[in-house]
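Pasting a structure below so you can have a look.
Every chain is named by a letter (A, B, C, D, E and F) in the order it is written, and numbering of its residues begins at 1.
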């Protein structure tokens, strides 16, 4: 019963329902393959975070996008 | 001053303001009763997560609901 | 299947195995009583944090203890 | 490459884009100054939480505001 | 630059350094494949939690093991 | 009463008690200066993570160090 939390930015073109399902299935399968844990019980939570609220290297993602980074 | 984070799904019939208050009071009282900690300072954060963003056993809650799980 | 994370300080007299079990049972029961969720699937993780690594109001708990707070 | 998560309440007068940028720059600079870590790689995520979902000392912030706390 | 946190129990036979590396590589690759994000910047933190500190369905993992669950 | 969690690697030469205190004071002051929040109530938790358990760009920090990154 591992617990996985994935945080990524909510872009103007946000990730789709299918992509979320794929991430949840993929990370659950990965845990089964690598450490044999939690096929039926792994909990995965995906947090989509506004680009104003997500920073890397001292700047928000919104700013970094404007700077073409 | 314990810190508690509760994550649960945001359903079509989401939990009410009163239920959130009850969870916050309840978990704060529990910590006082069991470990005598933080009656006045315990911080509790409740995260309501979309059922597309919440997975158990490799499937999103949205899918599991469709499968009657 | 809610997920609950409890963070509290690891004191010289740390909380016992029984107290941890009581916290886990208590918070799981609370979620069932208040929002009818996850009797068999709620995941609870308790993090015990060194008092040097835990701060409130700008000071570490180690310092606050020395100041009798 | 430290990771920092800041949770604070989303008030009627929420914090501005500029304030978020300032928090991200400030905490990144702090880590560089104090422990010389991650000038270009520190990840910062700011979570703004509804006052019904944020509790201190057993009551929601919404209630505490009503009580003038 | 997604951020991923994986929490799992620290067993008597804990996961190896190689397995941790495989989980980190695997979840980073998954994010690239599924949502095309962060090949060089994804941050992954693995937390290994004592079985006394990890609960599912109201009981600690230590107890569940004794009950053969 | 903001909550801040800082995760960074536990190196062979780990950060000192004084540096932890400085981070806690610094981030608390930053929140007061920038958003006027929580001078006496901000909770800060610092997690020191083993370099085998911390990954960036698909590799553990232990491996990246060996590769001189």
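Some points to look at:
What we mean here is this: contacts are C-beta pairs under 8 Å (C-beta built on N, C-alpha and C of every residue); 3 or more make two chains touch, one makes a residue touch a chain.
Bear in mind that the values here come from a model prediction, so they are computed numbers and not experimental data.
Common neighbours of chain B and chain C, by the contact definition above: A, F. Chain centre most remote from that of chain F: B (centre = mean of CA atoms). The contact pattern of E-F recurs in C-E, the pair among D-E, C-E or B-C where over half of the contact pairs coincide by residue number. Chain pairs D-E and A-E differ in how many C-beta pairs they share in contact, with the greater number at A-E. Chain E is reached from chain C by a rotation of 120°, derived from superposing Cα atoms (nearest 5). Comparing the CA-atom centres of all chains against that of chain E, the greatest distance is found for D. Centre to centre, using the average C-alpha position, chain C and chain F are separated by 20 Å.
Averaged C-alpha coordinates put the centre of chain B at 26 Å from the centre of chain F.
In chain B, the residues touching two or more other chains are 1, 3, 7, 38, 41, 43, 45, 47, 54, 56. Taken as a graph of touching chains, this assembly has some other topology, since it is neither a line, a ring, a star nor fully connected. Of all possible chain pairings, those that touch are A-B, A-C, A-D, A-E, B-C, B-D, B-F, C-E, C-F, D-E, D-F, E-F. Against chain B, in their complex, chain D makes its touches with residues 7, 47, 49, 52-60, 62-63. On the side of chain C, the complex with chain B involves touching residues 1-8, 15, 19, 22-23, 26-27, 30-31, 33-35, 37-38, 41, 54, 56, 61.
Those residues of chain E that touch chain F in the complex are listed here as 17, 20-21, 24-25, 28-29, 38-48.
Chain E meets chain D in the complex at residues 1, 3, 41, 43, 45.
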